[in-house]
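Encoded as structure tokens, the structure appears first; notes follow it.
All chains are identified by letter, namely A, B, C and D, in their written order; residue positions are counted from 1 within each chain.
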């Protein structure tokens, strides 16, 4: 199966064109800016010729500098400005080229955006979208590679979404812009060139339901953002061994639907969660805990393994950077270990693994 | 000083008096533990909020800090809802959720205050961005303390406001202290705030004697230029003095970090008796009586109001 | 048992005096400043007459303004300054009166402090202690009440500790100051007046071992920071019902020892983790997941319930603020539900519960 | 301009030339994908790092930004270790862990650079605090871009450095751009940086023509006053120009955000031929040959060095 088919699965739509993730994002923002004059885009370098890796291309020409503008280097104040504009009834989209830079916006996001609607007694709302891109590959290094979405999942009042493919990117972006709450929209650099079928007309993919992307009976693989793609590849490797993996994409991380995951693990009794960040107090920890709370109360035991960034700092040197990330081979191995604990240590055929890994930059998978 | 028209005189006096008496009552009630959140009183600092807000139109916006009762009242916020909020009641201006440090009254264009120093400064820019887009000439006044000018966000905000020519009035209530630390121990050049602000191309004014009419006149002069778009942001630094302790109802001149000698000139210069003396005794009596009435009413309202029901814990987490 | 006895239990020391948490903290810093001239204290209002709720009392008089000084309101730059001083070989203790304000320090803590030793190839170290106090009770409200330590647990390179009593406060503070890594030292306002036996001479309580504070066979209760105290009270309530709870204090949250917890749950088959913050992606999620990973691989099922702040914003009004926090009655109820799932809904006698709750401000428990 | 002693002339020329040639080689090698991290080249901006670092003593400290090759080299950082770092080798100055954006050579007092704009500014204050405590008159130079002056942390840092009289030299490499956005679109008053810094009581100097000797002389004059404690921090703004694209080895004058007309005056004013012309042809040939030799050696060293072993992934997470 390929996320190209998601055009059918999810939106029940057989039309749509093959679109890249980055173009689907851009199209969603474009369509919403056309529909709603309150929507505007701000953020460092959103209006230069590179257009934030293409994700804001053409919007300046179409909507002018009042509705899409770059800012000074001032993440703290710019985040507060976006929040204030949202309180005043506008619908800002604040963009950051790397998620790491959000650490400068934490005070405004955690202490104001997340709390304003509540602490002001419901008098105002904060319909804000904060886009940020997780960097990966090729020397991004310690400060341009972090996936810190779990910090935002911790905070009531914020919503968090991390679409894994072009189809969802469009639907989630439209849902995020139309949401009356602050939404942390988590993107991944390596997903930008990946393709899927994307309906032309606007559609929303709101929180509520994780998606079973591929069926399977032996083990449940949950992948976040582009780790979902890695899980799809791992599934192919496992298939060679006669192991069938059910692949689940949470899509929205807060609010988080774990019923779909619990249902799957109730069947497979085996869970591998692959985070796109560090595992400690990560999304995988939350998912694992919810499954444990439900299945434990039902007296059902299960095996679980969390994967994610190695518990270290992301190095630039390729030989060790490669070891920092989960990849299809490692995911497949972890799943295999759960399914066949007594079997001799299995390693997928390196060529197959490499091939699967190479795919990443091509797509559609 | 040009003669002040009687209406303005009465309005300004009433506002000053109302804030003073309201907070004196808060201080009186406080030991009874009926008030359920920390209070940062503006007693002694009233003239800044009054001088600024008296010039603003009803549809202009204003937001204060956690020391925000004065701005809330001066801008015309609902007094009953304010006292009820301090009591943690369901009828409070934020339904008992925010307390004294998070006041808001959107109906009267009081935008929210915050307990984290400096956080509301860029929030005001966001409102100003919307007002500019609206194009009706409305402005937003953002109050901040001298300590807040040390936070990086203040400088980022000055630059952006000036760059985008936003209709923001930055009002610095310089009471020379951040909690117990005097400005000279926190700022390399303590009296350079206006000078620094000017380097962003922002007109900056300083009033050193808390004269409510001077503050009023500066803004009355600048406001039309802001509405017409000739001016972008402006900055107003007002020297003033906090009479009570940083947080809570009491005095703290025995604590050792400041002396009553430092306080005295500010008491001598108290704007309330000064403006009172400009009124006819009868006018004054009428206003004083009315102030007592509304303050007493707000207390009764708060006392009689119910606490939020348990269901409120989980309402308004998400819109 | 009472944490007064910890003087014996932990340090195997029967001497020591009854000391308040706040005084134990102060004593630890005092002793280390006397021992090591590189140690200094900085932070807003550490040197005024209130001495940060007494925790820095007398240090100015003893060590002078070069070694303990207040700062401008500038959390971002002050955190960077402390980190730089640590890189240069000093041993700063940076203090924040509320944990909420750390959101302004995230960039320096996450992008510099946590990564410097690694990304500079081990050339420098960051022996920094960041003290912060979790506020609670009486109208602290949305922005003065947060327990955000899980954000720091997420980040490799940082250590996190949250002592629950005066004895541990001293030992952990001495260990933190002597640690060559950045340590987030999490305190709780309501613990300050609580007392325990505290040896006079310096001793360290480094990471490595969670402590079984009280033995029990029916259910394992893990409490973080002052929630450990609440668990001790819940245990009394459960005892009335003939339910015995084993109480475990992780003490250090990163690195985190879960072996002790796993061992206990292997025995009780029931786990209640009580966070001092929100549960989503919290310390409780990490603990639950590790237990699930180990016991799942052993084919052992267990029941688990996480407790923590309600998934909302902390309100100021007392009627609803009270519902925001776990308390002995709610903890006991949750544990009781796991132990006797078929029993009718049990509520501890309100008077007993209130009594237990009142105790909080007195101590020793 | 007073005659410059021949030694200084040779030293300055060699440093300028070494940086230029090293980075030209980096640009040449880059397309081969042997260099394993993003590179932000200083080609055209060398005179700032050289002018400042040439005056510093070996035991003074200096730290740059992610555009940090020039400062690293000018301060005397190990060239082999630098090239090896760009190659991601185990022999790199941070063992292949930090790459081009996180250079450090503690042995030569090059303190670390960072990929997050502005983060190293307060770090320098911390080092300065330690140096002041040490009392030997050592100083730290902290380089930053024009964009970094927009970050709040810059202002917080200026205030604290001035307040504590810290021995910090803030060096602003003003190349008029942050990535592709000109300063006029980011700063309300683009040429007010020095003026703003002065409001903190910090002596501020501006050099608009990148003259390496002017930069040198300003610092040579101020440094003794800093060592004696007469001066606290100082600020130096140097106009300069980035010849290549923001990140990567190429030119980008076809991108449309700037023109070669804007570049030309800076090429005409290039300090390298200028200083070269002050040397005897033989002197120059000797230096040029030596520069080629050490640059070539650094490449060979990097090529021959091993990549970090897998075990390095988990070493140095904790000290």
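Quick note on the criterion: a residue touches a chain if its C-beta (ideal position, glycine included) is under 8 Å from a C-beta of that chain, and two chains touch if they have at least 3 such contacts.
These figures come from a predicted structure and were not determined experimentally.
Taking each chain's centre as the mean of its C-alpha atoms, the one that lies farthest from the centre of subunit C is D.
Taking each chain's centre as the mean of its C-alpha atoms, subunit B lies 37 Å from subunit C. Centre-to-centre separation between subunit B and subunit D, using Cα means, comes to 46 Å. Centre-to-centre separation between subunit A and subunit B, using Cα means, comes to 43 Å.
Residue numbers of subunit A whose C-beta contacts span two or more other chains: 71-72, 74, 76-77, 100-101, 104, 107, 111, 118-119, 141-143, 156-157, 311-313, 315. Across the assembly, subunit B contributes residues 92, 96-98, 102, 114, 116, 150-153, 156, 159, 163, 186-187, 317 that each touch 2 or more other chains. In terms of inter-chain touching, the protein chains here all touch one another pairwise. Interface of subunit C with subunit B (complex): residues 44-45, 48-50, 70-77, 100-101, 104, 138-144, 310-313, 315-320, 323-324. Note for the complex: subunit D touches subunit A at residues 36-38, 88-90, 92, 96-102, 114-118, 147-148, 150-152, 178-181, 185-187, 255-257, 307-308, 310, 312-314, 317. Of all residues in subunit D, those touching subunit B in their complex are 150-156, 158-159, 162-163, 186-189, 192, 195-196, 199-202.
Interface residues of subunit C, counted against subunit D in their complex, comprise 66, 71-72, 74, 76-90, 92, 107-108, 111-112, 116-127, 156-157, 159, 180-181.
Note for the complex: subunit A touches subunit C at residues 76, 100-101, 103-104, 106-107, 109-111, 114-115, 118-119, 141-143, 146, 148, 150-151, 153-157, 254, 256, 277-278, 280-286, 288-289, 291-293, 295-297, 299-306, 311-313, 315, 341.
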